[in-house]
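Below, each structure is written out as structure tokens.
Next, two complexes with chain A in common: one pairs it with chain B, the other with chain C.
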Partner chain A sequence: MKTLMGLGAAALLAMACAPSAAGQERTAVKQGFDLRSQSGKRVLVFKPKVSVGSQSTGAMFEPNAEWTEQAKRNIEAALTEHQASLGNTVVEAPDASGEKALLVEEYVNLFDAVSQAVVNYQFFVGNRLPTKKRDNKTGVFEWSLGEGVRDLPGADTADYALFIYNKDAYGSTGRKLLQIAALLGPGIAVKSGEHKGAAGLVDLRTGDLLWLNADFAMGGDVREADGAQKRVRQLLEGFPGSVADQQTASAQ
Partner chain B sequence: MMLSALGVIGAILMAGAAPQSKTRTAPPPPPFQGVYQPQGVDEIGLWKVDDENESKLSNSRAVIHDEALTAYVKNVLCSAVGNDRCNSVRVYIVREPSFNATMSPNGTMRVFSGLLLRVRSEAELAAVLGHEFGHFERRHTLERFKAQRRGTDLLSWAAVLSSFNNNPYARRSFDDLELSVYGSLLRFNRDNEREADLVGLGYLNVSALRPQAAARVWQNLMAETEASAVAKGMKRPRFDRVAYFASHPPEGERAAYLGALALPEAADRPDGADRYRQAMGPWTPVFLKDQIGLNDFGGSEYLINSLASDGWTSTLWFHRGELFRARGGQRDLVHAADFYSQAIALDPLYADAYRGLGLAMIKTARPTEGRAALARYLELKPEADDRAMIELTTASLN
Partner chain C sequence: MNMQIVRFSLAAALLTAAPILEMASANDFRERGKAAKLSASAVSITPPRDWNKLDIRPGKFAETWTLDGEQLNDVTFYTGVEPGAPLVKERNKKRKPLPKFGAETLLVEVPELLEGTYRAYKEIGEFRLTGSKPGSYLGVKGVEFTYDYTDGDQIRRQGEAHAAIIGGKLYMATYDAPKIHFFQRNIADYRALISTAKIM
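And now, the complex of A and B:
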């Protein structure tokens, strides 16, 4: 009989001393999709997946319940504020039960799988699928969760669904000391802390993925209200209809 | 904790040399202290993650959402650990054909359908569930988390410090340390398992069920593993040795000490086999179908035969037919046709058995009988999903 904890120690050690990956961030919008600022859309938000904790000296994730709760509240508040500034209304997904709850769970998982696929096979050079190789910001950003999204609870009351994933591991004191020792001694770069996030917008009529932003090196301390606002701005960087997006769009 | 578990094993080994009655059996559980709450940042954090996993689990299609089945399994747990303790547990039956059950920090118990197919009585099920409850009560997940953290912390420092110089000896001593840290973590896990075995058996000894059933679980599993290996043409497995990466003690050792720890006077208690068989009745075909999908001929054949030790039923004959037809050699197909016929003899309205019979006969040069069997299948099951395919098959025989 196995309990939850598998032995991931080997993998963790491998991570512990790997050179730190450079900050990775990408945004893409489906071709032809245009959301004007202040167009008064309704955005259905499914319970954001948020986990916050520390990173042990050996790079294990140490979940922290208090930080997670705090971050969840902060992020949700910042999200509502951010969308209001774009002229959109955030609709909290209704609490589902029974068959509907199974459906929500399936779509949240499907979104995770699809956004992972985008990150792995389109966003970064090296792993791109042959069909996703052209300029991924215009021609070939074509991903969908399928029309079944119409059956999601609350789908009939909103235009888009927003899915959010966020994970923070703050480097522990031990981890920071290790980082310093590794740098001063053999000159190995040890990464302290991990701050990953992704956000995606889905059309509630077609199921098409309209916009996706993934960022594996984010700023803003989500445990504080100010930090969470900064985080949400980063998570939603390039969100259609935001000013920053129009600037980057015109720069290309 | 680890020391006490080792002490027990030592005691068992010694007891074998100098038999004496009282001290050999597993101690009864301590009085119920009330449901415990998580304490400290680590444990509260683990519970929080676990709470979220549980809410995902409760909305998962991998779970069999059947109130009667879930309530039955929960009752078996309660009959082992007592109502007070079992109130802190939520049971989920996961549709997954392997032999497993897990218990996580907040009291979520996952029972795999493969376990339900393999155990033969309430006492055997209670032995496994009591073991899982032992992990929960002794907070093993938290202990393992901390042990793993200590180990990886140590190795991270060792990795950085040993890379201060390029001496090959430094490299080698790091490798040695790495092996010994992982080895001790794995041994720690095995000691956790032994402790949970001891706690689980303590419950069974004071329950109304037969504690000797615990050893049976492992004896049956060994027999199945052996049957599976033989059918695959592999070397006979050894059940007496600890592999470096083993997460659990060897099955032979578990069967031996569990047998020794069971209260001898309790050997004639009921084991609830009849009630168990009745409760699993509607589910056995579902679980057998999943099992056959594993493509483990020897293991599945062993399971079907051991289920048939209480008498062959149409369900068992049918699934044996499916198993042989899936392997698909010519001799297998002849056997399969025979097994389907046995199923039909017991239940003349068993539509799927006619389907299997027909398909097996067509492939063994008996097309006329095969076509008749398939026609009977469609007659009994006019709405069959595969109607078009079956009609195409019979049409091609002309």
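And now, the complex of A and C:
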């Protein structure tokens, strides 16, 4: 047992020293977009999409309803606490039912897909799509959910919408052992666990993505209240017009 | 740790490491107005606008072009699928076999072939063919059909496909995109793209 733990520690140390994915960016703002703190803009916040589960030895995601429910409560509570620092009028999206509720769900899922595409094909420089690479030479960040966002419940009462997506898969014991064996055997780095999150600000007139903060290696155990606080702080880091953002800007 | 576990571990590790290696490779540029050949075939496409070809291919006979990522707009070309072959690579031949294109497959059966492939490959339960009619692809008579489905990411997607059987082999192009915004935004780009496809 001691030997296994020793090997585990060696493996984890080696992984900690391994270089991270080169050229990985985390945040982008649409050109020309600027949001001042207390500018009177209204930001509509939709309930975050949260899923939590475990990662099997073969890397399959196995959802855990209890963890997901706990994480939802923790993240929503942390978000409510964090709202005051966002610097503008934050309004919770009205409760929707029937077709409207389905529409909200579809847009939250679409935001998830768009943010994953941004991470895969724009933020990850080594994998950037050639058309995006060409555009990026002139600093273009252009992604949109489309003008249909105007039909979202509460859209007519706000300027922007804030979408949040969060997925955590905690590595099972088998996955952790595999991580060690793979590193010590063929020397392959195997990830144990997955902690992805994205927060995005969307223009409620055009559907354009104005700001995105996305990371596929986030910190904070969302099953715990403290961890969820940390996660929400990370998700909203650099939120345009937030109090912290304005302080950073004025310091420069 | 017994040998069986070690063997499984290494196989799983390699499988998991594969996407990392693929992610590190560059996707190809398909420049407007420049003819490009589809993988291992005599089919040529001259894109009317800039496109990207993804390095990750769904199978021996298939390649994917996109504007913003396969999640948002996915044009897949199936080129010269031989009788007895599936449209995409089978992940597990025994436990999750895919339907095969056959020497007896008729054009009218091609939509069903795609449906069966999507149901098994994407592991989705909801797939609906919304229309099918005679059409043309690669300058010969073929079939044109539309469909919608909900993928594993819970996004409703719409699709349009054009297929033809030439020399006993299947040639097909499909366009899949989220129903919200993306399908309508790029359907004309897809149609313009495939209208330039020809066999050299």
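Operating definition for what follows: the second predicted complex is superposed on the first by the 180 of 252 C-alpha atoms of A that agree within 3 Å, B and C clash if a C-alpha of one lies under 4 Å from a C-alpha of the other, contacts with A are read in each partner's own complex, and residues count from 1 in each chain.
In the analysis below, a contact is a pair of C-beta atoms (placed from the backbone, for glycine too) under 8 Å apart; a residue touches a chain by one contact, two chains touch by 3 or more.
Because the structure is a prediction, the values reported are computed rather than measured.
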Checklist entry - Does chain B (first) or chain C (second) touch A:184, or do both, or does neither? => result neither
Checklist entry - Taking the superposition as given, does A:101 touch the first partner, chain B, the second, chain C, both, or neither? => result first
Checklist entry - First (chain B), second (chain C), both or neither: which does A:51 touch? => result first
Checklist entry - Looking at the overlay, does A:62 come into contact with chain B only (first), chain C only (second), both, or neither? => result first
Checklist entry - Which holds for A:125: it touches chain B only (first), chain C only (second), both, or neither? => result neither
Next on the checklist: After overlaying the two complexes on chain A, where does the chain B footprint on chain A coincide with the chain C footprint?
Outcome noted: 57-59, 105-106, 178, 181-182, 185-186, 188, 190
Checklist entry - In their shared complex, at which residues does chain A touch chain C? => result 21, 57-59, 105-107, 109-110, 112-114, 116-117, 120-121, 124, 126-132, 134, 143-148, 177-178, 181-182, 185-186, 188-191, 207
Item to check | Touching residues (chain side chain B, partner chain A) in the complex | outcome: 41-42, 44-50, 56, 58-61, 100-105, 128, 131-132, 135, 140-141, 144-145, 148-149, 151-157, 159-161, 163-164, 178, 181-182, 185-186, 189, 192-193, 196, 247-248
Next on the checklist: Using the touch definition from the top, list the residues of chain C that touch chain A in their complex.
Outcome noted: 1, 6, 8-10, 12-17, 20, 23-29, 50-52, 66-69, 71-72, 153-156, 178, 180-182, 185
Checklist entry - How about chain A: which of its residues touch chain B in the complex? => result 1-5, 7-10, 12-13, 16-17, 51, 53, 56-60, 62-66, 68-69, 101-102, 104-106, 174, 178, 181-182, 185-186, 188, 190
